[in-house]
Structure formats: C-alpha cells, structure tokens
Amino acid sequence: MAAKTHRVLPGFGLALGYTLVYLSLLILLPLGGMVLKASELGFGQIIDIALGERSLAAFRVTFGASFLAAAVNAFFGLIVAWILVRYPFPGKRFVDALVDLPFALPTAVAGITLATLYAGNGWLGRFIEPLGIKVAYTPLGIVVALTFITLPFVVRTLQPVIEDIETEVEEAAASLGASRWQTFVKVIFPAIFPALLTGFALAFARAVGEYGSVIFIAGNLPLISEITPLLIISKLEQYDVLGATALAVVMLALSFILLLAVNLLQWWTANRHKNNEPLEVTAAKASGGAQ
Amino acid sequence: MKKISKSLSALLLGLAASAALADVTLLNASYDVARDVYKDFNPLFQKHWKAKTGEIVDIKQSHGGSTKQVRAVADGLEADVVTMNQANDIEFLADKGLVAKDWAKKFPNSASPYTSAMVFIVRKGNPKGIKDWNDLAAPGTQIIIPHPKNTGNGRNTYLSAWAWALKQPGGNDQKAQEFLGKLLKNAPLFAAGGRDATTTFMQRKMGDVLITFESEAEMIAKEFGKGEFEVVYPSLTMQTEFPVALVEKVVDKKGTRTQAQAYLEYLWSKEGQENAAQNYLRPRDADILKKYSAFFPPVKTFTVDEVFGGANKAFATHFKDGGSFDQIYVAK
Amino acid sequence: MKSNRATQEPRWVRYTLLTVGLGFLFFFLGLPLVAVFVEALAQGVPLYVEALKEPETRSAIWLTVAIALAVLPFNIIFGVAAAWAIAKFEFKGKSLLITLIDLPFAVSPVVAGLVFILLFGAQGTFGPWLSEHDIKIIFAVPGMILATLFITFPFIARELIPLMQAQGKDEEEAAVSLGASGWQMFRRVTLPNIKWGLLYGVILSNARAMGEFGAVSVVSGHIRGETNTLPLHVEILYNEYNAIGAFAAASILALLALVTLVAKTIVEWRMKKETEMLNTVLAPEKT
C-alpha cells in the first residue's frame, strides 16, 4: 500500500510544490534565521542556558502543565465533540459557537478573567479554596489557563471526523450483534483516534508556547511556577536577544521531537486502520466478541 | 475578495489622510501607563507650537512596556522622541547609537521632567500597622508586587527595599540581600505587571500591602474608590525618574529635530509641569509642586544614581541573570 | 435513520455524556465569558457603549478585521493544497512535513514576533536593505499580517488532513475514472466532502487571527490609531485603569467569535440546498 507509484489523482506535484515553497518562505526561513542567530552563542553556551536550574524547572512546569492540559482536553474534548455532533439539545448552536471563544479572546483577558474567577474571593475560588485546593497562583492555575487556551483544538479536529462517520457501519456492526460499547471501541474509536491524537498534539504544542494568559494566573515564582516563555521574556528584558533565541531554539527542538513522535504514531495508527477493509470485516470484527 | 481589498485600501487611505493634514508628524514612544499624561500634554504643545510658528504638528503615541518600546525603537520603530520610565532603557538606545551618549545632560534634571516615588498601599485602617520596609518582611505579612526581575515597577520596589536595608545601622550589601530574601518570601506571587498587581490586591483582595508608584494611588482611587485603601510613605524610598530623549537618528532622517526638541523642552514649561502634577506626578518646578502639595506630602527619597551608581550598574548587579535577585532563589 | 437503537447509546449514557460535556464547557468557557461581560457592563450599558465609541477602539476593530480578512485567502489555499498532498498521496517524509506544519503552534507567540524582527528589523538580516529602499514591514501593517500568517499557519491544513485521511480517496478516484477533470473532481467531490473541516479551519484561524496578542504586539509598534489591533488596545486600556473599556473591547472579540454562529448557519443552509440539488443531478451517475 505504502509506496505505490501509480497515481490516479491529479494535482500532487502542484499541491506539494506549493506547500513546500510556502512553508519554506513563511515558516522555515524565519525559524532558520532564529536558529542561525542562536548559533552565534555556540552549542556549549546554549546547553548551559538550557540546563540552568531555573531553566530546567521552567521546562518541567511548562511541558508538564501542557501535557496535563492537553490530556484533559483530549478526554473532555472527545465528549464535547461527540455530543455536539450526535445529540440534540437546546442551545446547541450557541454552545457550538462558544467553543471558538478561547481563540478569539486575547490571551491576557483570558488570564485575567481566570485569575479573578479562581482567586480566593472569585466565583469559583471561594468554593474550591475551602476544600484546600488552590488554583490561582499555583502550577494548577497554569494547567487551567492552558486547558482554556487549547480547548478548541480537540473538539474542532474531532467534529468533522465524527460527522463523517457513516452510520451504516455502526448499523452493520449492531446488526451483527455488537453491543454499542463494542461498536464504539472497535469501529468508532479507531476511526477517530488519529484525529484525537492530532488534536492532542496541537493542543500540547500550543500550550507549550503560551505566555499571555499564563503569567496572570501562574504566580511566576522562580523554580515553582515559572514557565519557559517567561524566561524568554526575562532575557528580552535584559536586552539579551541572543539568550532569548537560544531558549526559544531549545524549546522549539523539544516541541519538534515530541510533535514528530506523535505524528509518527498517528501515521502508524492511521495506516493500520485504513479504509481498505471492507465494511463487513470491520463490522464483523466489532461483533466478534458477541458471537 | 474584491470587497476585502476595497475595505483594506479604504482603511489605508483613511490612515494616510489623517496624517496628511499636519505639517509635521512626531511619534512619541512611551511607557505603558503614560497615556493620560501625554493625552493632555500633546494638545497643549500643539497649541503652543501653532501660536509660536504657525506650524501644525500631529503627535502620535505608542505605548508599551518600557524595555519593549526601546527594543522596538532599536529595531526600527521610527519614534522621534522616547519618554520612558527607566534610565537604563535610554542607556540601551545610547549604546545602539540612536540617542546621544550624554542624553541625561541634554535636558534639566537628568532629563526627567517629573518624578514619582514608591509607596505602600494598605487596606483601610492599616490593620497590620505597616509603616516601613521592615514591616513588609515580618512573618505573616503578605506583599503584592510585580515581578522584581521582569518589570520596572518590581525592580523599583526591589531597589527601594535594598537601599533602605543598606541605610540601616550596620547595613551592608550582604545584609540587604538577606533582608530582600525575607521580604520576597512574603510574596505569594509575582504579578505580571503593575496593573495586574493592583487588580490582585484591590479586586481579588490578596495580600496586606501593595507596593507601587505614588501616581498609581490616584488611578486606583479612580477605579476602586478612595475609601478602600490608605497610602503609607516609608521612611526612605526611591525617587523614580521618567527620562526623555531625542532619537537622533530618526529626527535627522525625518528632519524633525526642531519640533521634537521643542516638544521635549515644553515638558519643563509651566503648562507641562502643571499637567504632570495633575496626573499625580511630582513636578520639578518648585512653585507648581507647592501649589499641588496636597497631592505630594514630603517624603525622603534617594535616587538610583546616589545609592547604586547609575541605572545600568544597578540593573547589572541585581537583575541580570545570576544577579542578586537570582541568587536569592537559586544559589543555595 | 431507521433504528435508533443501533446507532445510539442508551439513555443514561447519553445523559451522562451531555452532563459531563456541558458541565465542562460551562466551567471552562461559560463562566469566563460571563465574567468578561460582567466586567464590561459593571457600570451599566451606557458606559459600555461609550467605551466602544472611542475612535481609537473603532480603528482597532477595523484593523483587526482587516488583518483577519487579509490572512484568510492565504490560509485557505495553503491549507487545501497541503491537505491534498498529504492526505491523498503517499510519499516519504510525510510525518516530518506534518510536524513542520505544526511547528508554528509550538513557537511561543513572542518568539514568533521576534523571528520577523530578526529578519526585517533595523538590526536584522534584511533590515538595512529595506530601509535603503524605504520599505516598511516591521512596525507597520505588513509585519502584522506576516506575524498573523505565521500564527495561524497550521489551522486549516491540520483541520483537513485527518478528515481527508479518514475519507480516503475512493470517491475522487471514481470521479476521475468517470472522466472528471481535476477541477470538476475537486469542486463536485472533494469540496462537498471537506466543507465542514474547511469551515472549522476557517473559523478557528479567523478567531485566532483576531485574538492574537503576543506575536502581533512584538511587530506592531503600538502606534495608537494606526497599528493597534483590538487585543493590543485591550492591554493598553487595562493598564490605564480603564477596565470597562478593556473588557468592552474584549467582549467585542468574544462576539466576533460568536459571529461564526451566524456564518456556520448560513453555510450549513446553503450546503444543504446545494447537496440536495447535486444529489438529484448526480444520482444516476453515482453507483
């Protein structure tokens, strides 16, 4: 399947060519420039900057909080996408439109609003803090802000894919005796899993770079709640553009590796579950346990 | 698609038209909370200049974090003048050759037309009895300050506390650093900026004391009400300066040197000084300071030059990576 | 839909999912949105309206919308082209290409602005050449468009790739083998199939383009009434102790996001009509 040279569909050369040229000009050239700039420092010094105690702590906080936020969104985002596509309920259109809000709201406004909500006297904080859970000005606050900021990714990548699932497949599975749960696990979930991974990866990537909202709710205490983008800003406040680019390059490299891993995993799962299986086989597989 | 390009070109035309009415256009790159000051000052100067020369000057404003602004100017933002709240930011431009090396001598009062001071804002009735810097380091007191390393406001607070500790009997740098360590332990968070610290203190009701510019107190009163807090003047605090400078490279390129120079000089005029006072910034003019003395109680201040040997040196010692602030957190 | 039982969850599962999903949205989206409007309207509607009437706020709204519109066609063309190549064909290095497309998301917005300063700023690679020819990119609208393009780069492509992969290429291959030209195939088969993904992509990248602060802030120069977008304006108003103005402006951005509600409904309605028509026309050809 993988390396078939015979192509029926047109436009491959044009589409790929355009993609590569545009990608190179808009993304790779500027990022390359940045890497080049950082390389003025020399490899050793970049590593020194990256491995400082505060940098390491910041990397831990940044990547840890981003991972948690993306995981929260993967779980709830799947549910939200599912109910938005499949279930009728009053006010659905409004809820659907609401999902994009985190992108449209300037990140600073999001951060300020969330900090106000979760502060000790806020609408949510006043109920949560007596339980001993502090959100505002703790690493947990970072997770909350990042969850908000990246919420649309999983929902919006899943929605069209769920819309696209043909109910015939589900019906076939059911008619072959599969329970609803079996149908979900064996038919639906594999079909949407690549999109779910994509959503997760995008949410994670975006969370890692986020700055504007986080600083308002994080507390920004060194070694505890400092994120890497804050350290970059700190370098810029010292007019140290080189140091800032060095940190940015290290972040970029880490994100790149993680994203590549997720994308390879996604490619692998997508290939395993190609639509090349006839319907009946998939459906029969799903019902396999029931027979 | 056509509609889009139409509305885009209409927008660009509109922008061009607004600039075309004036004989000269100046761009003033300024710090983030200076808008009120210059919103009132610009029309005063425009009137003055029109009367004096018949020329119509259009003044555009750009506001942002002080350091961010000077970096933008260094990267090509064509500002004729910079009006900042940190001397080291102007030094940076001087290093880049955009501003005269002796910029501080080009205008009176180290080129700072007005000043302010770092003060304490405490809750109504001052329940914790906070009077001076040592009260901030007392166990059980919570202080709200912006990030001491990344924000101008936070740096001023840090240096004020340091200078106070230095001036105590037997005070030295080591003791000052220990004192700062204790004081910073009382900070439950470092706010993103001056305004964020205010919101945290006033709206979210966190902490016992907020440290900020004297001029901010009146802004806080405007938004949150006067009866909500009290202002406490510590026994010694920093006189914060707001240095201004001509961006030589830009005014030469644009041919706006005369107007830009006059614009900055006018900050020291009676009208300019009065405007500063009305925005709760301490004017340099003794008469006007007296006139507004109700706003400005006497306070013992120090300047960064006196105690720290200049803004650049203070910055390098305390706020660069590995400086005294970092040592408090990392060196164990 | 003949039988509900086959394709629907039991009632209790449905209600649980609805409760969990909507509860999550309520706490994470609903409350913040309400809080923004509460702040904006804290001193009544008249002050809210007053805040929006300010000329600088209005010019910021226009600039924001103009930049978002300027960015849109670039993103659509790139998104569709990239997704077409990636989803419908096999080639080496595909995962790498997708990862490169994702990369702008992982770049901190401040850094995204900075990379353009490094290229086009006065001290940057092309800076001297640009100033010699009096071309302004940074601290002007072109720079802001570039930064926004960078920030919104992956959206449409990333929205379409998983969708098109899930759809496979059978339908297009059938169309081609039936003699459809490339354009006909795209117009009649691909576009109707990807319409939702494309729409979501457009909506997302639009929302992000309008709401972006960090990157645009670095390259804008913050000139009031000239290079100030709405998010930048919000920050300035907030810093000036004009909370009403700041949150009023923010609420406008929230409303702009909700406009997608209208856009989506219209598209939905038109698509429905169109597919109905197409179905009647193409019905004999299919099968």
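The letters A, B and C name the chains in turn, as written, and every chain counts its residues from 1.
In the analysis below, a contact is a pair of C-beta atoms (placed from the backbone, for glycine too) under 8 Å apart; a residue touches a chain by one contact, two chains touch by 3 or more.
Please read all numbers here as calculations on a predicted model, not as lab measurements.
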{"item": "Touching both chain A and chain B (chains)", "value": "C"}
{"item": "Most heavily contacting chain pair (counted by C-beta pairs in contact)", "value": "A-C"}
{"item": "Intercentroid distance (Cα basis), chain B paired with chain A, Å", "value": "39"}
{"item": "Interchain centroid distance [CA atoms averaged], chain A/chain C, Å", "value": "15"}
{"item": "Euclidean distance of C-alpha centroids - chain B vs chain C, Å", "value": "37"}
{"item": "Residue numbers of chain B (touch at least two other chains)", "value": "68"}
{"item": "Per-residue multi-chain contacts in chain A, two or more chains", "value": "112, 116, 233, 236"}
{"item": "Where chain C touches two or more other chains at once, by residue number", "value": "238"}
{"item": "In the complex, chain A residues that touch chain B", "value": "52-54, 111-112, 115-116, 119-122, 136-137, 215-216, 218-223, 225, 230, 233-240, 243"}
{"item": "Chain C to chain B touching residues, read off their complex", "value": "62-63, 66, 69-70, 73, 117, 121-124, 127, 131, 138-139, 141, 217-218, 221-226, 236, 238-241, 243"}
{"item": "For the chain A and chain C complex, residues of the former touching the latter", "value": "1-4, 7-12, 14-16, 18-20, 22-23, 26-31, 33-34, 37, 76, 79-80, 82-84, 86-87, 89, 93-110, 112-114, 116-117, 123-124, 147-148, 151-152, 156-157, 159-161, 163-164, 167, 170-171, 174-175, 180, 191-192, 194-195, 198, 201-202, 205-206, 208-212, 228-229, 232-233, 236, 241, 244-245, 248, 251-252, 255-256, 259-260, 263-264, 266-267, 270, 274-276"}
{"item": "Residue ranges of chain B touching chain C (in the complex, touch as defined)", "value": "1, 4, 7-8, 11-12, 15, 18, 27, 32-33, 35-36, 60-64, 68-69, 72, 74-78, 193-195, 198, 219-220, 222-223"}
{"item": "Residues on chain C engaged by chain A in the complex (per definition of touch)", "value": "1, 3, 5-10, 13-14, 17-18, 20-22, 24-25, 27-33, 35-36, 39, 77-78, 81-82, 84-86, 88-91, 94-111, 114-116, 118-119, 125, 146, 149-150, 153-154, 158-159, 161-163, 165-170, 172-173, 176-177, 182, 185-186, 193-194, 196-197, 200, 203-204, 207-208, 210-214, 230-231, 234-235, 238, 246-247, 250, 253-254, 256-258, 260-261, 264-265"}
